[in-house]
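Sharing a structure here in structure tokens format.
As written, the chains take the letters A, B, C and D, and residue 1 is the first residue of each chain.
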């Protein structure tokens, strides 16, 4: 990760890699272009910490709670550049990036002000029907960080539950870092190859960081920390509160293990129950 | 299914619904436009039986063996209309159909004669870079038949092993028929929702037909009948041999159960061994 | 509002569900007159039967025991753009005379007075769901003549369910008109930012039944996450 | 041919594998000098370690125990068009002076003398794999000056492995030239449909080693499905 990089930490509600975001804050990276459908608390923290020059996004709120206050202060104060799409537009940008096409076609934006706000939303004429369709440009990040439930040492990565755009973001990216709850033997991966979302061939590094997605969640490992999301409203509402949070829980800890030690009741409160899938037979 | 319909029976080597093809032959459907990446023996049989007016495809051979002789006789004799793409072109046609876009964009065909042979392969100019990219038109079949390992009574369908373009073909189609090896309780589907490829919301009918994909295969249920594929070379080489095969194994049987009864050793020869997947936890 | 929204849904329909009241309304409908409603969440969960009230659209309880979970490219391309969604729920900070919704900014886009979250999936839901239901509290400020920014188009809006009554989109003029009132509310109580016309016959919206109230309070939202009254 | 093809592969490379000799060659390379070769099949199987020699590109043995199985849209968009494939193997009924391949028709397209299977994935493999290896038996008929139909372009062809010797694509002229011979084969034995030029220094292709032969005959193809001699 370098200053000025285009960085993606994806995950739709599920598997948002807060551990990586905190490490980027601690390394005091600057001038990053941060891209995500939903900036969520992680980018709110990175914006507050001064890592971001620009934000590319489609929905910037605290789901079910309210605002991302660092984001709002930066935009309303004119200190953060933004490039804004709808969810489908962002998904399409990642799809184009993953397929290494320069653009993606979608039926969208008729009658809205989004193309006026973002001139990168253009259109193309169908060579068969003549109709005009919306386009968005490919998004090819320098680095994408994907949090996942499990991977083998080579980086063959399996995810279940909500998949977001993790696969597309990884294939669109120049460098890919996978952060997992659990490192497993290659045999576990090979026992269920349809579950593999990201192959080792595109992965540059594998990091094992249990609970690395807290306060978001990892299906089968731990629940979403809804209390923390609700609490963020008060923490982030003023600069001082947010700075205090970063001091204590980001700058103040060396690594994820310390972050967990500071919150000893998290595990008991959020650890997942068991609801195992029915197996399938891969024999022939 | 009606005479003149655009019909897709998909499945790449895996899960090719011969049971449905045979039923269409028995119902003496005519003037069908048959679409598949690999026509395989199933469309060779349907062409021989006179069901097809036109074939839309990308690779028409008997894999590892040789020719599809009924197909060759029809094309070399000028009695079958063809529309030909590459595999990627066919995949892209289904992708466009599934997304209900009129076309799909791909980087392909530069320096080849395929666009000359098929004027429906066109191009579009990227609104960002100005470069010319290839396009193919959407494929939206009237009927798609998907063979699958299991579904519930509503049609929520799970497939593992090779996935081909089954999902795209189903979503692209006006009507969808799912044929399964096994009808399972909704609870089995709900125990592993990431395994569901086709939702009940797009399925018009569910048919239970064990061994319905023979001589192709169903991962976890039975192996591919490679001997049959090798034997097809001799059966199909002349019209009489092929007609004899259809008389005995298609017209001569009322339904799939009779087809299986005629070949009592199939099950013992091809029944799958057991290699179960590791389960995953969906708890929270 | 929740019960009126629930009654808008017909059994067997495929609904794109938002979080909050729309989710409550859908689950109420499933337990009363529409047991075969198919709920699809933007996050990729299809046919969810959550064992607790989901706090976010990506709640793990929407995944466990659902019928299908797919990536978001499939949600937007194969379900939404494909035309498989019959009903979409939207809300917004501003709704205008023609049903256009603003969830982007109050004030100028380049220099916003208040920066709102933005579109999310709202732009495309509004274009691709076969009909759009808006759920929003009614006030002149929230219902201006024109929104500051059109995040999603009003073309497919059929009804707007508010805390005072229900508005409909008039097919001829394209504008929202008053169509029904809750018991005890008069037409004159319904003030918006333009001269609101009313249907000649106003529907009387039935209050929640005993069963509906019991389901909402005891089963669906016992912790009163969304039901404030 | 198989051993020569195997030796073309470097350890760790990502290879798009066809059925038949290319598959044998890849599995031989994996068991000798390139244990970390990543094999990707058009059918969607990634990192397969088949327990039997696959008869078709979609053999169930390619799935069981593989590292990943994905749909074909992902194979073509995310792997191939994305540029993740380093080596692609192709074969064909005709290969011409510039490495163009024909697997579509002999004769005129509209009135074919012989109708061949068509492109399959060959058109796009030839454009997107970083380098293309052709494996084909050599004869003047199979190597005409110009193919009847260009199914896949010769632009990225680097080497053509035949039963007589190896041809390379000359960077300057773009045409195939003779680069190496098997022991006991003379340049004059190599006849194609055009005046074939030869490198000034011809490589002497080493015959299969004892280990290679043993692996091929006893482990990889004991039933002689592909090894005829």
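Assume contacts are C-beta pairs under 8 Å (C-beta built on N, C-alpha and C of every residue); 3 or more make two chains touch, one makes a residue touch a chain.
Please read these numbers as outputs of a predicted model, since none were measured by experiment.
Colleague: Would you pick out the chains that touch subunit A and also touch subunit D?
Modeller: Both-contact set = B.
Colleague: Counting only C-alpha atoms to place each centre, which chain is farthest from subunit B?
Modeller: Result for the farthest chain: C.
Colleague: Between B-C and A-C, flag the pair that has more C-beta pairs in contact.
Modeller: A-C
Colleague: Taking the mean of the CA coordinates per chain, how far is subunit B from subunit C in Å?
Modeller: That pair's centroid distance is 40 Å.
Colleague: I'd like to verify one number: the distance from the centre of subunit C to the centre of subunit D, where each centre is the average of its C-alpha atoms, in whole angstrom.
Modeller: Taking the mean C-alpha position of each chain, the two centres sit 57 Å apart.
Colleague: Rounded to the nearest whole Å, what is the centre-to-centre distance of subunit A and subunit C, using the mean of the C-alpha atoms as each centre?
Modeller: Inter-chain centre distance comes to 27 Å.
Colleague: If you average the Cα atoms of subunit A and of subunit B to get two centres, how far apart are those centres in Å?
Modeller: Going by mean C-alpha positions, subunit A sits 37 Å from subunit B.
Colleague: Give the residues of subunit D touching no fewer than two other chains, as numbers and ranges.
Modeller: 45, 60, 63-65, 69-70, 77, 81
Colleague: Find every residue in subunit A that makes contact with two or more other chains and list them.
Modeller: Counting only residues that touch two or more other chains, subunit A contributes 100-101, 106-107, 160-161, 163, 167, 191, 194, 217, 219, 223-224, 272, 275, 282-284.
Colleague: Throw together a list of every chain pair that touches.
Modeller: Every pair of chains meeting the touch criterion: A-B, A-C, A-D, B-C, B-D.
Colleague: Quick one: which bits of subunit A touch subunit D in the complex? Just the residue numbers, please.
Modeller: 98-101, 156, 167, 171, 186, 189-191, 193-194, 196, 199-202, 282-284
Colleague: Sort out for me which residues of subunit B touch subunit D in the complex.
Modeller: 12-14, 37-38, 57-61, 63-64, 67, 71-72, 75-76, 78, 84-89, 91-92, 94-95, 106-114, 116-117, 160-168, 217, 219, 223-224, 226, 229, 272, 275
Colleague: Looking at the complex, which residues from subunit A come into contact with subunit B?
Modeller: 100-103, 105-107, 120, 122-129, 131, 133, 135, 137, 149, 158, 160-161, 163, 188, 191-192, 194-195, 217, 219-224, 272-284
Colleague: Note which residues of subunit C are touching subunit B in the complex, please.
Modeller: Interface residues on the subunit C side: 14, 38, 45-47, 49, 60-61, 63-70, 74, 77-78, 81-84.
Colleague: Mind pulling up the subunit C residues that touch subunit A in the complex?
Modeller: Contacts found on subunit C: 19-20, 42-45, 55-60, 63-65, 69-73, 76-77, 80-81, 100, 104, 109, 111-124, 127-128, 149-155.
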